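In the two assemblies presented below, chain A is common to both, partnered first by chain B and then by chain C.
Right after this comes the complex of A and B.
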């Protein structure tokens, strides 16, 4: 998030720079927050948000759908509790089951998961997070 | 050639087989390929002898090559009438 804020700051500062090069011309790569003549309160707020880490959580309906698919794949009885924090191994899934679950999720959501990311999925929440990330980058 | 495939390689082969099976335009072959790979991998999941593991892995590998070829051939001649199982709503 911090790098996004930096890139959004640099654009207006470049546009405000006068076209006539003057003596003591600062490097264009430096980001100066003192933009003369214009007031960007939103950008100033973004720059101060460097310490604040935003972790995008998956949408609840995505977690719901993932839970449904996991229950169907592992043939769990109806009342069993599958939440975001349940690990696949704790629910009785072996590695083959995990691969099948990931393939089922790929088909249901129309996404494509790479090899390395698919091997690191161990809980329902991780799967839902990755699905939302892939859907966002696709849209 | 490595003697025994690692668990990661076996899972990768499983995933590749399922992915290629998805590309078949024919419903029957698609479903059969999925079913057959799942059954075969489950049946061989408890193998412990390295040579039998290796032979099962190389068999799976040759089947993957076969599936890829057949998927390419089948997609050249897609029939206009798809299977009734693929209809979104039942005809009656």
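Right after this comes the complex of A and C.
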């Protein structure tokens, strides 16, 4: 599967002061950060070898809606297991399917996805994260 | 927050980075002894490397592979990491598809060492910075192969692997009858370039419009995959693929009107970061059911490539295969037609 051999992360420029997580990094599953008194949604840290993948977890309802749309786009039988972790390709999506899924999500959520993002999303979770992020910046 | 991830374009790549231990093990496995091994690879007839401006196009039809025994043989030549990825897939057809894709790449590449037997299992793969899978030739210092370039593409009904020497290659296959969930024009408005949208808009018949859409899609995919820099480097909206219809005829003898397949060109809409006059395309119709697009880089020192009129056609060798079982050379008389680009279907040697 297309696994992240390299991830590059740029955090928003709020961090004039260093991020101080409450939990240690040794075996993190979830860390909540508090900067300038503002609580961020929980950030899940996963270690992949030497690299860390940081993402802001999307709302479960968003993940659910993405799952539904993916099932429809790929015409998956009822009861197919589709979760946040599901990779589009593992569900049988090719690049055209992925772009169609993105287009469907744009219509459903009333958002506009960057060109570059449209074909680089690989999992349900990534799609949901992106949607919530876009919705947040719209609000 | 931007997370760069690898697109589904390179989905069946299963690239597992070579660990030190793997490398050590690899050294003992890749001896190419120059005598016949009684291994699985002995039933892979060796093939001459593609020449310059030559593309080898191999494909397998999943429906033709039914034997569990055979599927197990394919499983055996995968790396542990690839096997693991396949076991993670739940749905049977998808599992099979993924397995065939990996087996196709490994067995195809193994054929090109004609002097001795390469165990298909011994290939190591890596990804370039943008996620495009490549052979890790550094793990293969025992062999005397020039760097082959390959690219794979699959639909549920056909899995293909294109091979070239001396040029990066991108391929894409799609079913001709593939339906879109979205309206074609709405989709094109969103993702295609203005000229392409216009082309599609001018086709009234929905079936023909769909076919043209799919042709454009496969060509655009093949181009981006050939570039190997991921979708971010060349979003679909930023370049235009044109199929220019050609009719060449001798006006004095109309019965000798020759239909020449449309020329295919690609132009960047905006930026000149990727000089695109160097890329050449072939568009095929396979078995009446699929479109296949191939994109390779023009050889800049090829005298034929500079002049517009005197371009030499790309030789494309088409082979349908069931690895370890049989290979069938597909010629232009069979159900394979070049429908775009300057190319001809060459006979297999």
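Convention: the second predicted complex is superposed on the first by the 84 of 139 C-alpha atoms of A that agree within 3 Å, B and C clash if a C-alpha of one lies under 4 Å from a C-alpha of the other, contacts with A are read in each partner's own complex, and residues count from 1 in each chain.
Simple rule for what comes next: a residue touches a chain if its C-beta (ideal position, glycine included) is under 8 Å from a C-beta of that chain, and two chains touch if they have at least 3 such contacts.
Just so it is clear, the structure is predicted and the values come from calculations on it, not from any experiment.
Asker: Tell me the contact category for A:81 with respect to chain B and chain C: first, second, both or neither.
Answerer: Only chain C; A:81 stays clear of chain B.
Asker: More chain A residues touched by chain B or by chain C?
Answerer: When the residues of chain A touched by each partner are counted, C comes out ahead.
Asker: Please indicate which partner A:133 is in contact with in the superposed arrangement: first for chain B, second for chain C, both, or neither.
Answerer: Touch partner of A:133: chain C, not chain B.
Asker: In the overlaid three-chain picture, which partner chain does A:90 touch, first (chain B) or second (chain C), both, or neither?
Answerer: Touch partner of A:90: chain C, not chain B.
Asker: Which partner does A:103 reach: the first (chain B), the second (chain C), both, or neither?
Answerer: After superposition on chain A, A:103 lies in contact with both partners, chain B and chain C.
Asker: When the two structures are overlaid on chain A, which partner does A:115 contact: first (chain B), second (chain C), both, or neither?
Answerer: In the superposed model, A:115 contacts both chain B and chain C.
Asker: Touching chain B and also chain C: which chain A residues?
Answerer: Residues 94-96, 99-100, 103, 115, 118-119 of chain A touch both chain B and chain C.
Asker: Quick one: in the complex, what on chain A touches chain C?
Answerer: 1-12, 53-56, 72-73, 80-81, 87-100, 103-104, 106, 115-116, 118-122, 126, 133
Asker: Please give the residue numbers of chain A that touch chain B in the complex, ascending.
Answerer: Spelled out, the residues of chain A in touch with chain B are 94-96, 99-100, 102-103, 107, 115, 118-119.
Asker: Looking at the complex, which residues from chain B come into contact with chain A?
Answerer: 7-8, 11-12, 14-15, 18-19, 22, 38, 41-42, 45
Asker: Show which residues of chain C lie in contact with chain A when the two form their complex.
Answerer: Of all residues in chain C, those touching chain A are 1-15, 17, 85, 88-91, 93-94, 97, 127, 129, 131, 154-156, 174, 178, 180-182, 186-187, 190-191, 217, 221, 230-232, 235-238.
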